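Notes for the one structure printed next.
Note that the chains are named A, B, C and D in the order they appear, and that numbering of residues resets to 1 at the start of each chain.
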Amino acid sequence: MPLPFDAKALRGISEKLIQSHWENNYVGASKALNTVRGRLSQALADSNTPPYVYTGLKREQALRTGSVVLHEFYFGNLGGDGKAPADLRTRISQSFGTYDSWESEFRKIGLGLGGGSGWVVLGFNEHLKLLENYWLADHATNPAFTKPILVMDMYEHAYQMDYGAAAARYIDAFFANIQWDAVAKRLA
Amino acid sequence: MPLPFDAKALRGISEKLIQSHWENNYVGASKALNTVRGRLSQALADSNTPPYVYTGLKREQALRTGSVVLHEFYFGNLGGDGKAPADLRTRISQSFGTYDSWESEFRKIGLGLGGGSGWVVLGFNEHLKLLENYWLADHATNPAFTKPILVMDMYEHAYQMDYGAAAARYIDAFFANIQWDAVAKRLA
Amino acid sequence: MPLPFDAKALRGISEKLIQSHWENNYVGASKALNTVRGRLSQALADSNTPPYVYTGLKREQALRTGSVVLHEFYFGNLGGDGKAPADLRTRISQSFGTYDSWESEFRKIGLGLGGGSGWVVLGFNEHLKLLENYWLADHATNPAFTKPILVMDMYEHAYQMDYGAAAARYIDAFFANIQWDAVAKRLA
Amino acid sequence: MPLPFDAKALRGISEKLIQSHWENNYVGASKALNTVRGRLSQALADSNTPPYVYTGLKREQALRTGSVVLHEFYFGNLGGDGKAPADLRTRISQSFGTYDSWESEFRKIGLGLGGGSGWVVLGFNEHLKLLENYWLADHATNPAFTKPILVMDMYEHAYQMDYGAAAARYIDAFFANIQWDAVAKRLA
């Protein structure tokens, strides 16, 4: 998918960074995923492939698949004014006690990933019927059967170019640019 | 959830094993998840909790959540006669070229996890609209936004008691007991 | 390496289990490692190999290498009478406050891995000059530059056959069979 | 440890980046490790701590310990002129066939980690008596009992500020600044 907003339009996240993020990390993951799929077909057709060699490739598939999906959700929830509509705040409050509790936990998970890599996801677990914040260690982490509602990339490519190691300032910028209408649609 | 079938009813998977699996691994994960949730509430309320201590707990939440959800899908797709209905075979063939290709890959991923731990999941990726087999390294691995359709536990507690290290024989037993009607409902 | 003790000699760990563990998990890992090394040579020589496909194989190398090394330390510290000599107890006490603190932490890490997979290692970090207990999530986890001193396998293949899910009883059996002379030599 | 070279002295790696890397990632990890150790003492003394909560903290200890150790090796092998002395080239050739094979694999592993996080380590496995290149998925990955000889940080904080997503250009800069005398001492 193309960037769903003007790369110049974000406040506090530079055009250069977001363009590099989209092209190198998202488009790059899509291409890598295609290559991995081709390799998997070859490896499956070759009866000499040991299972533990095959799973090495499946891991790459899992990582690239997660990267593609999560990046689409991430870019899809940016480009807005960061103002959560009242009904969404209410919906979130119902699950987290207060809206501030939700935001506090979401930010805390992000800070804990600073200097490393991973994602923070407000997700709706379709099986447990729970709206929860999740910590993702990498592209391939995810609690089973969870619909991403709000996704924040904490890989350092999401902020180092603009903020260096100051992950907290990036998190502020992320919040300021949330496209809440898109988020609301996912939760509907 | 209770075991959705008589623990004595499986062929090639003993009552003792399935009972232990359900009680120790699934019920145990549910209890642990509750405890972890309590600890998370305390830790979030305590402003002295460093983010990297908090994420240690979030990782445990991710693991236990995945364990609860995946075990419910696993037990939910056992207890049948292992005979895939024709329309489901057709549906799978459409995604994997042939039904045999699907089964061959599903088994290969399982063998690659033998002697270790993880899951094999035939999943429907709701975002990419793809039916694919996934390799899960542990309870917290999962390609984002994937609905589990057929789930095979490859943690050694799923087979060591009956088969020792012979993971391939367990995979045969798993296939012989698939409850395909339940699988079909998930895909509908 | 061959088993450094008579497979019948352990108390509370059956000949059948230890034989299977040695043959299927340790010898199996050695063989897999050789295969992976061959695949790596081929892949490196082929300029069409994308880096992310290559790293999939390197991960398998890391896992099998860790499995071979850790299993040799594990079998190497079994076959004894479980009685830690006084000077070793003193040495451990100096690092952990008391010998009981050490044992209490070592066992606790083991229990935390119950139902999953991993290792507990009393290790000497050669860089930090610290004797510490480490939690290893899998064969490829390890704090950099750590010499294993006492190694306990917590993969379920180390106990399920004898104890089912009762990891605590396996940990008791492990302690009863520690070959402390071998441990002392590693620390010397 | 302080930076073992003048932060202004590297070619192709800016003072700003290396200063931030040292202070935020290395010093930050040291501080976090101290905090985690304190939390572990409290948690071990509290008999109400469930093992799976305790292992959440042990994971953080493993990560911070690896981060401290690997960063010290990394900074310790920078600040040189990048010219490997003849005897070291010979030593490396003996293990890898040719020196170019070694460098080719080392760089390939690095490229495979581009856009994510991890380390590339030329390490001497003290148990297997092998000099090999290792792929480390994160701070806590490592083949057991391996002495780091040459360490390259591939977390994005090692290059994003200077090179954005161009990991290959960072790898060139890394090679141009290797302090080979320090590397030789580790291998001696």
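We adopt the following convention: contacts are C-beta pairs under 8 Å (C-beta built on N, C-alpha and C of every residue); 3 or more make two chains touch, one makes a residue touch a chain.
Source: prediction; values computed, not measured.
Looking at B-C and B-D, the interface holding more C-beta pairs in contact is that of B-C.
Taking shared numbers over all numbers used, the chain A to chain B interface scores over half, which places it in the same class. Fitting chain A to chain D on CA positions gives a rotation angle of 180°, reported to the nearest 5. A separation of 27 Å divides the Cα centre of chain B from that of chain C. Computed from the mean C-alpha positions, the centre of chain A lies at a distance of 24 Å from the centre of chain B. Our note on geometry: chain B versus chain D, Cα centroid distance of 35 Å, whole angstroms.
Contact with two or more other chains is made by residues 50, 52, 55, 59 of chain C. Listing the residues of chain C that touch chain B in their complex gives 16-17, 20, 24-25, 28-29, 115-117, 138, 155-157, 160-161, 164-165. The touching residues of chain D, when paired with chain C in their complex, are 44, 49-52, 54-55, 58-59, 61-62, 65-66, 68-70, 72-73, 101, 104-105, 108-114, 121, 125-128, 132-137, 140-148.
By the touch rule above, chain B contacts chain D in their complex via residues 32, 35-36, 39, 50, 52-53, 55-57, 59-60, 64.
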